[in-house]
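Per-chain residue numbering starts at 1, and chain names A, B, C and D are given in the order in which the chains are listed.
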Amino acid sequence: MKKIINQPDNYIKEMLEGIYIAHKDDLTCVDGDLQVLVSKHKKEGKVGIVTGGGSGHLPLFLGYVGKGMIDGCAVGDVFQSPSVDQAIALTRDADQGAGVLYIYGNYNGDIFTFRPAADEVEMEDDIETAEVLGADDVASAGPSAPGEKSTRRGVAGIFFVYKCAGAAADKMLSLEEVKRVADKANNNVRTMGVALTPCTVPRVGKPSFEIEDDEMEIGMGIHGEPGIRRGKLEPADQIVDEMLEKIVADLPYEKGDEVAVLVNGLGATPLDEQYIVTRRINQVLEEKGISVYKYYVGEYATAIEMAGFSISLLKLDDELKEYIDHPVDTPFFKQV
Amino acid sequence: MKKIINQPDNYIKEMLEGIYIAHKDDLTCVDGDLQVLVSKHKKEGKVGIVTGGGSGHLPLFLGYVGKGMIDGCAVGDVFQSPSVDQAIALTRDADQGAGVLYIYGNYNGDIFTFRPAADEVEMEDDIETAEVLGADDVASAGPSAPGEKSTRRGVAGIFFVYKCAGAAADKMLSLEEVKRVADKANNNVRTMGVALTPCTVPRVGKPSFEIEDDEMEIGMGIHGEPGIRRGKLEPADQIVDEMLEKIVADLPYEKGDEVAVLVNGLGATPLDEQYIVTRRINQVLEEKGISVYKYYVGEYATAIEMAGFSISLLKLDDELKEYIDHPVDTPFFKQV
Amino acid sequence: MSSFKNAEAGVIVDQLIKTIQKERDYLSEIDGKIGDGDHGINMNKGFTMCEKKLEGTTYNLSEGLTTLGETLLEDIGGSMGPLYGMLFDEMAQACEDADDITVDVFADMITGAVEGIQDISPAQVGDKSLIDTLVPAKEAFVEAKEAGKDFAECLDAMNEAAEKGWQSTKDLVAKIGRASRLGERSRGVLDAGATSCYFIITTIGNAAKELLA
Amino acid sequence: MSSFKNAEAGVIVDQLIKTIQKERDYLSEIDGKIGDGDHGINMNKGFTMCEKKLEGTTYNLSEGLTTLGETLLEDIGGSMGPLYGMLFDEMAQACEDADDITVDVFADMITGAVEGIQDISPAQVGDKSLIDTLVPAKEAFVEAKEAGKDFAECLDAMNEAAEKGWQSTKDLVAKIGRASRLGERSRGVLDAGATSCYFIITTIGNAAKELLA
């Protein structure tokens, strides 16, 4: 395990200490628990938006805590959900009088964390809550029947859900409305990833899986969950074509649609490659008659030091465009 | 070579195509040459600041082209200087009537590129120019005698030179003044890096050097230039201590000094680790009585997919603090 | 004997902690095959945290189980914290008013354990999870009791069923948890949670039998 | 013959291009030992670009060298573009007004080559760079000429000195370029630029001798 760390057991604690030091004007923790991270910038009467999940995905999740986006994050150990108590403390702090929306990924452990927390604060503190579960990974499971619970996992697309819901909350919409916006973004986003190398969870100490030097795995999840196809590494354009084929067909995104695109590096893949990919995405979408309103390129949701990337498409309407354009000022993501 | 690319020969071209697509409102190229990248936001009468150098360091160099920072960049092939003609075209475009300042790293090829270009535009176009060569890497050579040309190479610290000079230019200072500010930042910044893994130049196709699975190299340059010590990988805190010892002694930074700190990931090293490092830097500087005015943490100057990080310290005075605080809006770096 | 004292049975919780600590690496190794290789680490973290909380205090069985359940629920994230947290919490509740742990009380405990899990998880027998150990173990205990077997015999039946259930996960395709993404690739190896659950059930069973002896 | 026609010597540039293309991998391999392994790639890129520009045109020696120099200077970044660009540019200038390339004209050309490099680079003999090939080669040519040797003999002397200079880089510690960071570690292997310079000098020398024959 080649990492710049001290004791693996202190990984999260020391990482968080660094974050609070570097961003001391903007971030703080609740009751001395470093794993309950909240924005210092409250806005009376605004719907609180909170998230949480395992670490190892920076800037996801906590990186989007700040002005114009979300209010707090319960930070789990690497690839581990935070605890129910942390989620409760987080919710109490994030409530600014208008209720709290949970936005988190569709994972077992996170559901087990946030649902009991929501029950608790509704009962004990009379805080109104709602939840939206990110489930954008088209490679992780088939689509769910209308009204049925999605079995897809949440990956980088949750960025768009934060972005839109965060803007709606910042515009002082009600909890019901903010949830509606979050749902709309969530229902209109699809993602697929590809991995070239594994990652190593510090406390585990060895790579999450094995893969040959000339292989890639299309559809791999951000914890190294198996994808839909393992094969020889192909040229960037071919990889993009295969991923987009699946993504576009899924919603489906259609001729005349307008989308926002997120090209997300998984950790070790240089920005250069992400832009080579961006170029191809633009060619393919142009051919399909889908126009791109805005590109986001960079590391938005990583898998520690995994090499690879994901593509997310968000179908826009006038309302979502307005929220996409809304300014954001967080330590990890700024939009002027 | 495990990369998401097409033909290695097209690497730079396709990467730049992606950049122009994703940032079409802010960046454009000169005379159709993708490698001459300039900001779309001109400001009549402002000193133009340009840079350039080999690719493979994103967001360096071109990533800092935008409002409040620099005006353009001549983009070389990976780890290769751009051509003299490109530097000339760049300078002509970047001149907004008040002369042009070149800020680039202290490398052979880049000097061979920019000096002839400066001669040409001074003679042919009557553009006044000045230059500042980044030479912040304390591991690359000993300090130079006063008045003598530095033999140190430039690495991540050039970010601070762009930042301060960019702010000074944005405040409409004269070429002479902007150069003075750039020199001041340059003279007060020191950097040292550590590498854990090599990187692979696409057109070369194999790693730039070999290193054992349990080894690190302290002082390695951002092209894989040998450092000052290769040894067994140590805990993060020990690595930081050794690097800071060298950096602090070099200027030297002294008790009572105020600094800005840049913790820079070289490519594959996750943000988590960079924050673990930040935490330790803060402890050490606190002990030494050096106070930190501001932290920058993230990927600011990479070496393709190298694992490792660098630490840069910039000693501040009131003037530099004002420039550090100045807002910036570039596609790759924003400060509100 | 046909029962043992709640007050004297805190040792069962001690045994549980020791077992998980001992099996840490084995559990991670199994999880590494079709999961992410951290099951032993997660379990050990929670149980060792509980050990620290209990240190220097005196506790009966229900108090020990309460502390264990709370620790897992409050401090341990992941799937395991809530699942085993609820399991031990329900077991504790089922015996907190009992001075003597009789076969009936224990039947309530093991039934509560199943309910605790099923309260939050939709997992069914056959999905390749700890449910495949737990549910047959509970059913075997209850059936044996209804067939008039004594407490120790019921515990034997429970232990046997737990082992069989655990082993049954080898041939199953995972339908829940991380491994479910693997489809057919998940067949052929034991499930990590079913393994830890086997250790937990049989540790309780054996410790209880010793207290009965 | 004691001279050859400028008009007929464009073939020297063709030979240069072929040589660099042929030695591409070898040059990169040498550069890989103490540099970044791209010298052959860089050189081949520039020379092949020049080949394309020349394709279908007619050119004499000075025109061919001008195109080569310009291509390297304008289109090829890195250290090599400017260094070899200046070298060929100066060589071209030294012969552009000559119909016949005599031993005197060639002496000006090789002297110009050295000056072209030294105009922009501070490298000295012994620094482990292409200078270690180029300077002795030039000196040998000029000395032979001053000693009254004929053109072909002067070229032989030049070729021989180029090879010796090239080989001398093996035992040197690099004082310039990337490899200079290596200190003592740079000793024991040839310098990449000295190697390409050896190929360039001897290719010119041999091609000129053929034209004289």
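Everything below uses one rule, namely that contacts are C-beta pairs under 8 Å (C-beta built on N, C-alpha and C of every residue); 3 or more make two chains touch, one makes a residue touch a chain.
Bear in mind the structure is a predicted one, so any value in this text is a computation, not a measurement.
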Joint neighbours of chain C and chain A, given as chain labels: none
Cα-centroid distance, chain B relative to chain D, in whole angstrom: 34
Rounded Å distance between chain C and chain D, as computed from the means of their C-alpha atoms: 79
Gap in Å, rounded to a whole number, between the CA centres of chain B and chain A: 30
Whole-Å gap separating chain B and chain C, where each centre is the average of the chain's CA atoms: 56
Contacts with 2+ other chains: residues of chain D: none
Pairs of chains in contact (touch as defined earlier), listed by label: A-B, A-C, B-D
Partner chain B, residues of chain D touching it in the complex: 28, 32, 36-38, 41-42, 73-79, 81-83, 120-121, 176-178, 181-182, 185
Of chain B, residues touching chain A in the complex: 2-7, 11, 14-19, 21-23, 55-56, 58-59, 194, 196-197, 213-214, 233, 235-237, 239, 263, 267-279, 282, 295, 297, 299, 302, 304-305, 307-309, 329, 334-336
In the complex with chain D, residue positions of chain B that touch it: 54, 76-77, 79-86, 108-109, 112-113, 115-116, 140, 201, 203-204, 206, 208, 221, 223-226
